[in-house]
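Pasting the structures in now, so scroll down.
Across the two complexes that follow, subunit A remains constant while its partner is subunit B and subsequently subunit C.
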Partner chain A sequence: MDDDLIIGGEKFASRLIMGTGGAPSLEVLDAALAASGTELTTVAMRRLDPSARGSVLDVLRRRGIRVLPNTAGCFTAQEAVLTARLAREALETDWVKLEVISDERTLLPDPIETFDAAERLVADGFTVLPYIGDDPALARRLEQAGCAAVMPLGAPIGSGLGIRNPHNIELIVEAAGVPVILDAGIGTASDAALAMELGCDAVLLATAVTRAQRPDLMAQAMRSAVAAGRAARLAGRIPRRRYAEASSPMTP
Partner chain B sequence: MPQRFDLLVVGGGVIGLSVAWRAARGGLRAAVMDPAPASGASHAAAGMLAPVSEVTYTEEPLLRLGLASLDRWPSFAAELAADAGCEVGDLDYRDGGTLDVAFGADDMAALEEIAAFATGLGLPARRLTGRECRRLEPMLAPSVRGGMLAERDAWVDPRKVTAALLTALERRGVTLLRTRAAALETSAGRVTGVRPAAGGTVGADRVVLATGAWSGGPGGAGAPAAIEGLPPGILPPVRPVKGQIMRLRSPEPILGRCVRGTVHGSHVYLVPRADGELVVGATQEEMGFDTRVTAGGLWELLRDARELLPGVTELELSDAVAGLRPGTPDNLPVIGPAGPPGLWLATGHHRNGVLLAPLTADLCAGDGDPGLLKICSPLRFQEHR
Partner chain C sequence: MNVTINGVAHELPSGATVAEAVKTLTETRNGVAVAVNGEVVSRGAWDSTALADADAVEVLTAVQGG
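This part shows the complex of A and B:
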């Protein structure tokens, strides 16, 4: 079955997008990325020299994984726009995962700064994938502003709390005309499967894999979970019933 | 007249100096080539000898190396002090353990998990309540939730260690060539010496490359000229991992042992010296050959240090530097024969150069568990090129 994820006109066979933060070593990261089957992976541009040899970017290049630079660590729209421009220059990609956080404690995205930066980056020709709260109204507005996808959180970054408001994720999915990528909060495989069952087009995760006791095995689990959740969504789940319904005839 | 040595070590950091010193003690004619010895990562390093408190998932081989080298440190320090004509205390070698503390509830949960992992591996790690932590270290903030005491961990002042090594080398008659190595000299596939940047030849039966972050060959912005004369694929995939670190000063020590802390998921360590110096480190940045000290780097260190140790902001700021750790893809060092006869590598020690110096020196001298040498083999990177 041909079921590609399409973002900004580009096709991806894998619906699992990986992050790179938190891995104990590049070798462990490399093995996890391989096991995940990912074709698109985010890299924080802050405190990274893209021209340095042997960095995480080399790992991605060797694996043929497309780099999605992100603006993690930015607090203002202006910082995010500058970071995106530096990334475009250094990596020759106009794709950016836009991340503007409101405070260091929660790392929750700042909706106003994010929207402001998104408008400016879209006008500047970027393919913008913004990280946002699970807010259907903001998701719609960002789509209208020309973003190529929206990336609502399941729970705060690195928290592993899963999807705290599945209802809002469903509302975002219902209204969206661009891919919805569940970003942040995934703790284990069932969270990733649930995101896909809710109708998300893809899942982005990092910590759940990189800080697991066996990152490569968890990456494999996430790959299976995303595929299973996607298949379940396409297959169509049965309605929930209050009482039993026999699956085989009870009476002759 | 051309010079000739049994062993020529290129790179005069704590690794290179230790390798040369160990060789000289074994009766070899040794030399070290470095335009500015003991000025790189060894100068920046805090000197924690803390394999237990640094233990993480997926890194059991590194733990094995760290424990093996920690065991060697007492005799290494005693012999070095004797050779350099000083006391062990002059190296600031101390073994009071590392206290790993947690600040928030999430930090505590993470510490509980790593303590369980450490205990499961049979490591000496004792869980402490917040109040027990503060009985050990009364200057810690009352908000410290709890901790883990890694009792076997120790620490040392790397600047004093490299100074003692240089003295010991001089007293042992080891030649220090203050020049940059430009190229390896080879003959019939065998490495026979080094050509210094200034010209001429320094011959050696064995050359050991201990060039730290500069061991990985060419590439990257600001990268220095690589050593020439090697067949491709011999140099290991070592990259510079920038670490910013600062030194504070108080009239009296305000900690009795090393403290590592996690503050809202971010890591910081504090290393006390007998003279009142307090080392606060360290960032980890993939910035290529960049040794700029930045406002943000120091701010993050101080922000977290102050949460753990409120008194820290009253201290004098005496030094702030950035060093380049030699990082490898698997975080393990690269020690052993590199392929061409006559060439050894002793590099890639990443965060653990000071800890692993005694073990590295022993392994290069042919002394030590072959199993450990196998873990460090340079060939592990050459195979899948």
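This part shows the complex of A and C:
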């Protein structure tokens, strides 16, 4: 079945977008990315460390995975715009996962700074994928501002709490004309499947895989879960009923 | 003159370029981006952009994250 994910005019056969944070080594990360089947993976921008051995970019290049720089660590629109511009220069991509956080304890996205940065980056020619709370109104405003996708959280980054407000995710999906990518909060495979069953177009996760006991096996589980959830969404689930509905004839 | 490169003070000869500042950290140009005083300097301009005393140079690359 031809069921590509299309973001900003680009096609992806995989609906699992991976992050790279939290992996104990580049070797472990490499194995996990391979097992995940991902075609799009995030990296962060940081000061160059001359003592660092190997690069996450080499891993992605070898695997033929498209790089999606993020603006992780930015607290203001100003910082995020500069980081996006540096990423564009370093990585030769105008795609950016826009992430502007409000505080270090919750790492929740700051809606005001995120919207401000999104407008500036869209005007500057970027393909902008903003990380946001599960807020249908903000998602709509960001789409109107020209973002190529919206990325609502399921729960705080790294929390593994799953999807805390499935109803809001459904509201975002119902109204969206751009891909909805469930980002953050995924703890295990059933969370990723649920995101897809709710109608999300893709899932972005990192910690659930990179900090699992066996990252490559969890990556494989996430790949299957995303595919299963997508198929279930397309298949159309049965309505929930209060009482039983016999699946065998009742008369002998 | 004194410039700050990734938060560390460096003594560079007067008229040193952005390219020379990058070289204090790495010989690689690929995957690297530079901002001077908060403004991006594109790779093609590193050799021709002279630094001034007290400039703050940020040299960034991609790392695991997100």
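In this section, the second predicted complex is superposed on the first by the 244 of 252 C-alpha atoms of A that agree within 3 Å, B and C clash if a C-alpha of one lies under 4 Å from a C-alpha of the other, contacts with A are read in each partner's own complex, and residues count from 1 in each chain.
One rule holds in what follows: a residue touches a chain if its C-beta (ideal position, glycine included) is under 8 Å from a C-beta of that chain, and two chains touch if they have at least 3 such contacts.
Not measured: the values here are computed from a predicted model.
In the superposition on chain A, A:L48 makes contact with both subunit B and subunit C.
By the touch criterion stated above, A:V56 is placed in contact with subunit B and with subunit C alike. Of the two partner chains placed around the shared chain by superposition, subunit C is the only one that A:V67 touches, whereas subunit B remains out of contact. The partner of subunit A that touches more of its residues, comparing subunit B with subunit C, is C.
Across the superposed pair, subunit B and subunit C both touch subunit A at residues 26, 47-48, 52, 55-56. The residues of subunit A lying in touch with subunit B in their complex are 24-28, 30, 47-49, 51-56, 104-105, 158, 211-215.
Across the complex, subunit C is touched by residues 19-23, 26, 29, 42-48, 50, 52, 55-57, 67-70, 72, 82, 85-91, 97, 99, 206 of subunit A. Those residues of subunit C lying in contact with subunit A across their complex are 6-7, 25-26, 31-35, 38, 40, 42-43, 58-66. Subunit B contributes residues 56-59, 117, 216, 218-221, 223, 237-240, 264-265, 283, 285-290, 327-331 to its touches with subunit A in the complex.
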